[in-house]
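I have a structure I would like to understand better, so I am pasting it below and will then ask my questions one at a time.
Chain naming follows the written order as A, B, C, D, E and F, and within any one chain the residues start at number 1.
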Amino acid sequence: MFTHSQEHVDPDLIRIEANIDDMNPEWIPYVMDKLFEKGANDAVFIPVIMKKGRPGFMFQILASKDRLNEMEDVLFAETTTLGLRYSPVICHRLSRKQTKVETRWGTIRVKTGSYRNRLVQVAPEYEDCARIARNHGVPLKDVYHEARREFDL
Amino acid sequence: MFTHSQEHVDPDLIRIEANIDDMNPEWIPYVMDKLFEKGANDAVFIPVIMKKGRPGFMFQILASKDRLNEMEDVLFAETTTLGLRYSPVICHRLSRKQTKVETRWGTIRVKTGSYRNRLVQVAPEYEDCARIARNHGVPLKDVYHEARREFDL
Amino acid sequence: MFTHSQEHVDPDLIRIEANIDDMNPEWIPYVMDKLFEKGANDAVFIPVIMKKGRPGFMFQILASKDRLNEMEDVLFAETTTLGLRYSPVICHRLSRKQTKVETRWGTIRVKTGSYRNRLVQVAPEYEDCARIARNHGVPLKDVYHEARREFDL
Amino acid sequence: MFTHSQEHVDPDLIRIEANIDDMNPEWIPYVMDKLFEKGANDAVFIPVIMKKGRPGFMFQILASKDRLNEMEDVLFAETTTLGLRYSPVICHRLSRKQTKVETRWGTIRVKTGSYRNRLVQVAPEYEDCARIARNHGVPLKDVYHEARREFDL
Amino acid sequence: MFTHSQEHVDPDLIRIEANIDDMNPEWIPYVMDKLFEKGANDAVFIPVIMKKGRPGFMFQILASKDRLNEMEDVLFAETTTLGLRYSPVICHRLSRKQTKVETRWGTIRVKTGSYRNRLVQVAPEYEDCARIARNHGVPLKDVYHEARREFDL
Amino acid sequence: MFTHSQEHVDPDLIRIEANIDDMNPEWIPYVMDKLFEKGANDAVFIPVIMKKGRPGFMFQILASKDRLNEMEDVLFAETTTLGLRYSPVICHRLSRKQTKVETRWGTIRVKTGSYRNRLVQVAPEYEDCARIARNHGVPLKDVYHEARREFDL
């Protein structure tokens, strides 16, 4: 999947939030997976402290406005929240391109990002690096460094 | 207090935030209580890292717009912040209803939430469960599970 | 309750820990209260990240060795853990004394701590300060500062 | 895999720790997986703040003493630490048993824990619940609640 | 530098955010310094948990709208993010004034804040207190307390 | 300062801990600096939640046993704690060596660590990289990558 997208500003995003203090944390990765399957652009949860000193989690999801319904479906079904709040946000996305590099252990995809036509980000793909590290019995960090070095040369 | 409220979207909310790095954390629960007394819908604080590597707390309060003054009164009086920032948010609240269940140790209120007329949330009241657990010398988690089971049956 | 205890080293303490990822966080303050009722010297919980990226909580309790059974009773009954680990620790406690100061709003107890006969800690009692702040409608921080100032003068 | 183990105290454990502030956090789940593959009993990482206000992570691993070498091999190879510290800990493990329950959507394994011959823990297996939730299109939390209810009845 | 600014509401601020999971945390204080040099009003980072259970950091910057370009220049150059999101916020800033107090160890600047013409904040300058504590070999907390006491008297 | 130290196990270390909920977080970096000046090997603080839902900080210091007095002097003078607890730990330190690399912008020191005579850690010095990034107006991350690449070649 070699993709290329232009740098752009997307004005039609929405940030969705809920604070939850009564949910088994074991379920959180499942909720996150569901949100991404249904089209979330990003999703994080943040340890927070709530009313009466209760520890809890803030979910914060970023999605395009037309995905609000899908996000709500997941959050109301899979978490214990009684409400969601949202507000519009604007997103500035870099031009992204996927390329690949050859390492001594095989090919690794590298995602790059450009800001005003200047290359600023270079990210070897985690999945490729982890697979190679595992299969060749080399440290993951060495695979990253070699992928990065090959890109630079 | 058996209440019932319809599912609705409330467009007149405001998120109020401050980052604070010079306040005795012992005072935080007091501030939280005050905010809820003055009508906050929700209030959390989040451990953050600020300028010069200083640990601090982000307060994040959700209130209806017409409570902004009361929230500011509390925050400027009770915290050490020199500024507050705010932005509008929209809140989608589930239909809420309070019912009760009978357990072997007594009655427990249960709050439920419905999303598009489908029951999605069932939450035994903490105060009831904690009182029963304490008075009957049973684990709190067993009280929750029995309350939940009785609701389901 | 005006107490005075000498500076000493207590060699008979134990640190008890558990990592928990499948427990409703709403129950945590209840567990903490129980631990203190049964004689814990200190108890904290720490947000951690566990196996498979699951968020969880590490409980860490400090108690005298002869309270290990009581602590285990609470933790196995009230949390969801399947195991506890412990290790001995030594505690150096300052000489503690309780005194009181007069403020314009009434008397406030102040706890002090001395290290090698030098006064190093001065802590107005939260409960007194909070009660006065509430009853007199003054900011809690002003009550603390006045209590501290009266102590110093 | 239906297992049963007796309640016991294991005196031959070791807690291994490192504080790390210069490692790509993307690598952490990989490190965790490796540690478990090599026999770690438990492994968590904790967000901490280090020298000069740098955010970092504390790794904390629990393993039997005879696994110290394997743990060190992973940690020195896969993280960026220049040192590890360790100390002995004792672990009290509950009697564990695996049973299963029938729900309307299929069989779910349930792990139980007993403390002094009293059943205190009941934990439906995450993997079974997640698979069923996914395959039957039902909320994960409903699957948990039904598994738990079936166990209790 | 003795300054005085009136209490006011600034409607032209912007909150800029990015979630980052693949950046060496050692670089974060450097990024923060750069943001403040380029005019950020405030900047914090928050430990969060991201996709696939990866720990990460949310950067949250507050700046005036006309600094958006400078903030983007820093964030795209110095972090590893491929996108930034932003949304407008309004800031209510207290009237601020700088005064000074004399302590037994020398002069300390004190920043004050007034809300509706009532003095609510009193903050001894960290840099002055730290310098004095260091030069005179006294505990920093004693310097703060004396500065505060002198202000009150 | 080009140093070389052999891989070794140091059995004479001590972990010192305190949980603090009533201290101005602004003072924490000062405390940390003092601890390192007085010989701490490592020092971190961890956001925790304490009694009554109060947020606080756990300080955790690692020092050689013969520095216990100096550490206590700092902690009792500069924090608000009324007690410290400690326990022995053993530290396994890699062989460390300092070397240097030439980049297009100048010389950068690189610290390396070897485990059983195998090079496992390579860390460009933050101070050198930050100075160069600042002086040459290049992104800090580019300086790190080039230093690392030069080391590998």
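Methods note: contacts are C-beta pairs under 8 Å (C-beta built on N, C-alpha and C of every residue); 3 or more make two chains touch, one makes a residue touch a chain.
Note that the coordinates shown come from a computational prediction; the quantities given were computed from them, not determined experimentally.
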{"item": "Where chain D and chain F overlap in contact partners, by chain label", "value": "A, B, C, E"}
{"item": "Higher-contact pair (C-beta pairs counted), B-F versus E-F", "value": "B-F"}
{"item": "Distance between the centres, which are taken as Cα means, of chain D and chain C, whole angstrom", "value": "28"}
{"item": "Whole-Å gap separating chain B and chain C, where each centre is the average of the chain's CA atoms", "value": "24"}
{"item": "Shared interface positions of chain F, touching two or more other chains", "value": "22-24, 26, 28-29, 45-47, 49, 52-56, 77, 80, 87, 120, 126, 139"}
{"item": "Chain contact topology (line, ring, star, complete or other)", "value": "complete"}
{"item": "Parts of chain D lying in touch with chain F, wherever the complex brings them together", "value": "17, 19, 22, 46-53, 56, 58, 72, 76-77, 80-87"}
{"item": "Chain A to chain F touching residues, read off their complex", "value": "49, 52-55, 120, 139, 145-146, 148-149, 152-153"}
{"item": "Touching residues on chain C, where the partner in the complex is chain B", "value": "23-24, 26-27, 30-31, 77-78, 80, 126, 130, 133, 139-141, 144"}
{"item": "Complex interface listing, chain A residues touching chain C", "value": "21-26, 28-29, 45, 47, 52-57"}
{"item": "Partner chain E, residues of chain A touching it in the complex", "value": "13, 15, 28-29, 32, 36, 42-47, 60, 62, 87-94, 96, 111, 113, 115, 120-121, 123, 126"}
